[in-house]
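When the chains are written out, they are named A, B, C and D in that same order, and each has its own residue count from 1.
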Amino acid sequence: MSLLADGFTILCVLAGLVFFAAGTAGLLRFPDTASRLHALTKADHLGLGLVVLGLLPQMDSLAGILRLLAIWALVLLASAATGPMIARLLRRQGGAS
Amino acid sequence: MILGLVADGLLAAGILALALACVATRRAFASAALFIAYGLLLALAWARLGASDVALTEASIGAGLSGVLLLGGVRRLAGLAEPSPDAETGPLLTVLIGIGCAAVALAIGAAVLLLPDPAPSLAPQVAANLATTDLGNPVTGVLMSFRALDTLLESAVVLLAVVCVWALAPEGGWGGVAGPRQPIVRDGPLALLARVLPPLGIVIAIHILWVGADAPGGKFQAAAVLAAMWLMPWMAGLAPAPRIDARWLRLVLAAGPALFILIGLGGALAEGAFLAYPPGWAKPLILAIEIVLTASIAVALALLVMGPPEPPR
Amino acid sequence: MTGTIFGLVGAALIGIGLFGMLVRRDALLRILSFNLLGGGVFLVFGAVARRGAGAGFGGDPVPQAIILTGIVVAFAATTLAVALVLRLAAAKDRA
Amino acid sequence: MAWDMLPMLAVMLPVLAMVAAVPLGARGAERLTLAYAPVGLALAIGIMLVVQLGGVPIRQELGHWAPPLGIAFRADGLAAAMLLTAALIIGAIAIFARADFGTAAGAVERRHAFAFWPLLLGLWAAINLAVVANDLFTLYVALELLTFAAMPLVCLDGSRATLQAALRYLMFALLGSVLYLLGVALIYGSAGTLDIVLLAQRVRGDIPVMIAIAVMTAGLLAKTALLPLHLWLPPAHAGAPAAASAVLSALVVKGSFVLVLRLWFGVMARVPMPDAAQILAGLGAAAILLGSVAALGQARLKLLVAYSTVAQIGYLFLMFPLLAASAGEVAAKAWTGGVVQAVSHAFAKAAMFLAAGIMASRFGHDRIADLSGAGRAMPVTLLTFALAGLSLMGVPPSGGFAAKWLLLSAAIGAGQWWWALVILGGGLLTGGYVYRVLAMGLRAGDPAPEPAPVAWQRDGIALALALVSVVLGFLPLAAFGLVQIGRLDVAP
């Protein structure tokens, strides 16, 4: 059981890290702010989601599980708010990168 | 072990790179943004150093509130359209200062390496005496009992800082609301955050305060979160800043330090030493101080970020 | 080991922050540098705390509590400096 | 008996008053300050008596936690002298400042009136804490409290020039405190305690401690404004309102100076550093000579007085090599001389700044060249300036004379005659700039300015402070034995 859980954790966290790496690469390599933003938010949501998912079986209490989920939800909320704000700023500045 | 070292090395490299970038760039906005990232990495470093309480404080105050403050400062300074008239430091002087600073860094590095081994530590003494305070978190024990004087004085320093910031109010601003007027944002992402986040944040702050007695957390971290939950609707124009001459505001500001001092003086009367808690009363008294102090510090931190009152346009 | 690594990072940050404070002419950049310098000093203190780990604690709690106090005081100092810089710029604007 | 509570009360009551001042508002804070001033003075006198009669420092372990885990207050003779000095000067300033920062019954609260009183109380608390705290980190908090209270006093009038001076001061002060804190970290890492008495027993001259002392001293010198780190002082002290200038010059720089003493002759009591002490005194000598010359060249009275502070701070550092190189009676003379210099300069400089302020408000300017007629129009003010000047010059009998004579004979006794030459040369230069002002004031000038309604109390307070600085010189030498009590560098 614990072997299975550990395997699940390792797989999920590794997959999450791949998304983080992809997001970071996008941030560095993409030409304009809009697509950078896109790469960052999409990849990070999935990356963090996978990391949180992977860590869930490692928690030994309900409180820990709730806290992990709360972290994920708060990060989602924050980036859901900041992404459009940056995009809006971009539009106001005339789309300059 | 090896993995830990690699993590430490990466973290160290990241912190140094961000700090260098922060100093190298001449654009204040970029510098402030880099500083926030630096603060967050620093919080991770604190976690690695086994100092979770400090990590929380660094993330909330060192990176969070300082970041808001600095970014806000950059924005408002740009609004004042003040071209920096001062000349840059000359290249020769820059090099000389650089050499001097490198020498200082090397000397401090050498001092760190030459610290005695085994390191002197008060951890055993804290562990031995923590039981008398009924607290489980040793850092809270130090802050509220063994070295309670520092915490008390610090709360007074924060209050004095509010007086200082207010003392910088321009002519005609006295008696108005703290800080610049914020444009009202009715919809959009900021308005959403400003409406959704505060109830959540307040719950989290109370949680951080409550667990602080036994786990990482406590009044400073909780106060920083509470201050942020006030600042966000303020920035969205949804929650007005208070008038600085409001009686309730000044009473809340003063309540925490005043209660702390009065309980300390009570200890002097009852137990023969300032800040001595009567046996069995340590935890309830500490909790009472922490709760009131959280309110005072939260208000003070928010007012510090808002800035001095300004004359109406 | 972790303690020593971050102690050395702290020493480097002190050099970087000091350099920024002395070389930069823009007041806000100086305040930022002051914060870098402060972060370095706290890290050196953190290294000291880490080295003193024992009695079941991950670090010596006394310096940890001192750092906590120090971070709050440093923040208060930063707000003061920023408020002063803004006030000065506004005074220049009017002049 | 609970005499051990006195130092704690001398610190915590002004903190409590400062906290209460915020909700009380400008008028309430003003009355609270004036009501507390005699209490604070009584506490200081009580501490002095207890220390003097008992012959040992007053100690209290806060919360019954003994160092190294806990924090102790320790009021020795030096602390008692500084507490009394602070209580007298701040009490006098509080009365003096009512005309500028008072609020009439029913009047609307004004910004500078709201700010001044809690700042003054905070400054008082910080000075008291800086002299009685025995823990290096508590002293750091005291330094920050001092900076926060002093900085807004510099720019209370809100003009561009004073804001600029305040920003420069703040940058120096913040750099100074963060360097001090760095040293605290290294000392804790080396010795595992921050209690000065314990450190005096534990510290040996190993490298981390020496580096710590070096950075801490550098930071504190920036706050004390010892040449070449003095650049912030003249604009800051000259631009502030007279009452604020007086406390800044008289007391604030002394706070960080006492910390240097605590480091060199407390923490490092067993580790003499004669070479470094020579450097420190060399900077002091340069400050005396260059500061006095700069004062001679100033066109404005308040700047002249501020540069005089730069010079007088220099004298404080002459005691370091004398203490490091000698023991017994010679060292005792050097110690007493340094402390009496700090105290007598505090009174003389407070009086001088108040007198300069009274003249400036009467004339509407403080250009020295246009002060003719001051002697006829305001004889008491000019007399105050002259008395304070005599003490600064070191003319007998005055507190300044006692200080300089003690330092002089300690220099001869320690075989370091060159410092004696500096003291004499500094006295002559001081005479020069004081004479410049007096000569101009005594010249029968244009029709004396209209007798503006300057309250006689203000003149009286300034004169009283100047008289104290002179009367210190009449005290029998034995009275100064107080400041020897509790010296850690001679403890067994």
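Methods note: a contact is a pair of C-beta atoms (placed from the backbone, for glycine too) under 8 Å apart; a residue touches a chain by one contact, two chains touch by 3 or more.
What you are looking at is a predicted structure, and each value in this text was computed from that prediction instead of being measured.
Chain pair with the highest count of contacting C-beta pairs: B-C.
We define each chain's centre as the mean of its Cα atoms; on that basis chain C and chain D are separated by 28 Å. Between the CA-based centres of chain A and chain D the separation comes to 57 Å, rounded to the whole angstrom.
Annotation for chain D: residues touching 2 or more other chains are 69, 137, 141, 144, 148, 151, 155, 158, 182, 186, 188-189, 192.
Multi-chain contact residues of chain B, defined as those touching 2 or more other chains: 104, 108, 111-112, 115, 119-122, 126, 146-147, 150, 154, 157, 161, 164, 168, 170. Counting partner chains per residue, chain C has residues 14, 44, 47-48, 51-52, 62, 66, 69, 73-74, 76-77, 80, 84-85, 87, 91-92 touching two or more of them.
Contact between chains, using the touch rule, shows up for A-B, B-C, B-D, C-D. Across the complex, chain C meets chain B through its residues 1-20, 22-26, 28-29, 31-33, 35-36, 39, 42-44, 46-62, 64-69, 71-80, 82-87, 89-93. On chain A, the positions that touch chain B within their shared complex are 74, 77-78, 80-85, 88. Only residues 188-190, 192-193, 196-197, 200 of chain B touch chain A when the two sit together in their complex.
Chain contact summary for the complex, chain D toward chain C: residues 69, 137, 140-141, 144, 147-148, 151, 155, 158-160, 163-164, 166-167, 170-171, 174-175, 178, 181-182, 184-186, 188-189, 192. Across the interface of their complex, chain C is touched by residues 4-5, 8-9, 12, 15-16, 19-20, 22-23, 26, 28, 31-32, 35, 38-39, 42, 45-46, 48-51, 53-54, 57-58, 61-62, 65-66, 69-70, 73-74, 76-77, 80-82, 84, 86-89, 93-94, 97-98, 101-102, 104-106, 108-109, 111-113, 115, 119-124, 126-128, 138-139, 141-143, 146-147, 150-151, 154, 157-158, 161, 164-165, 168, 170, 220, 297, 301, 304-305, 307-308 of chain B.
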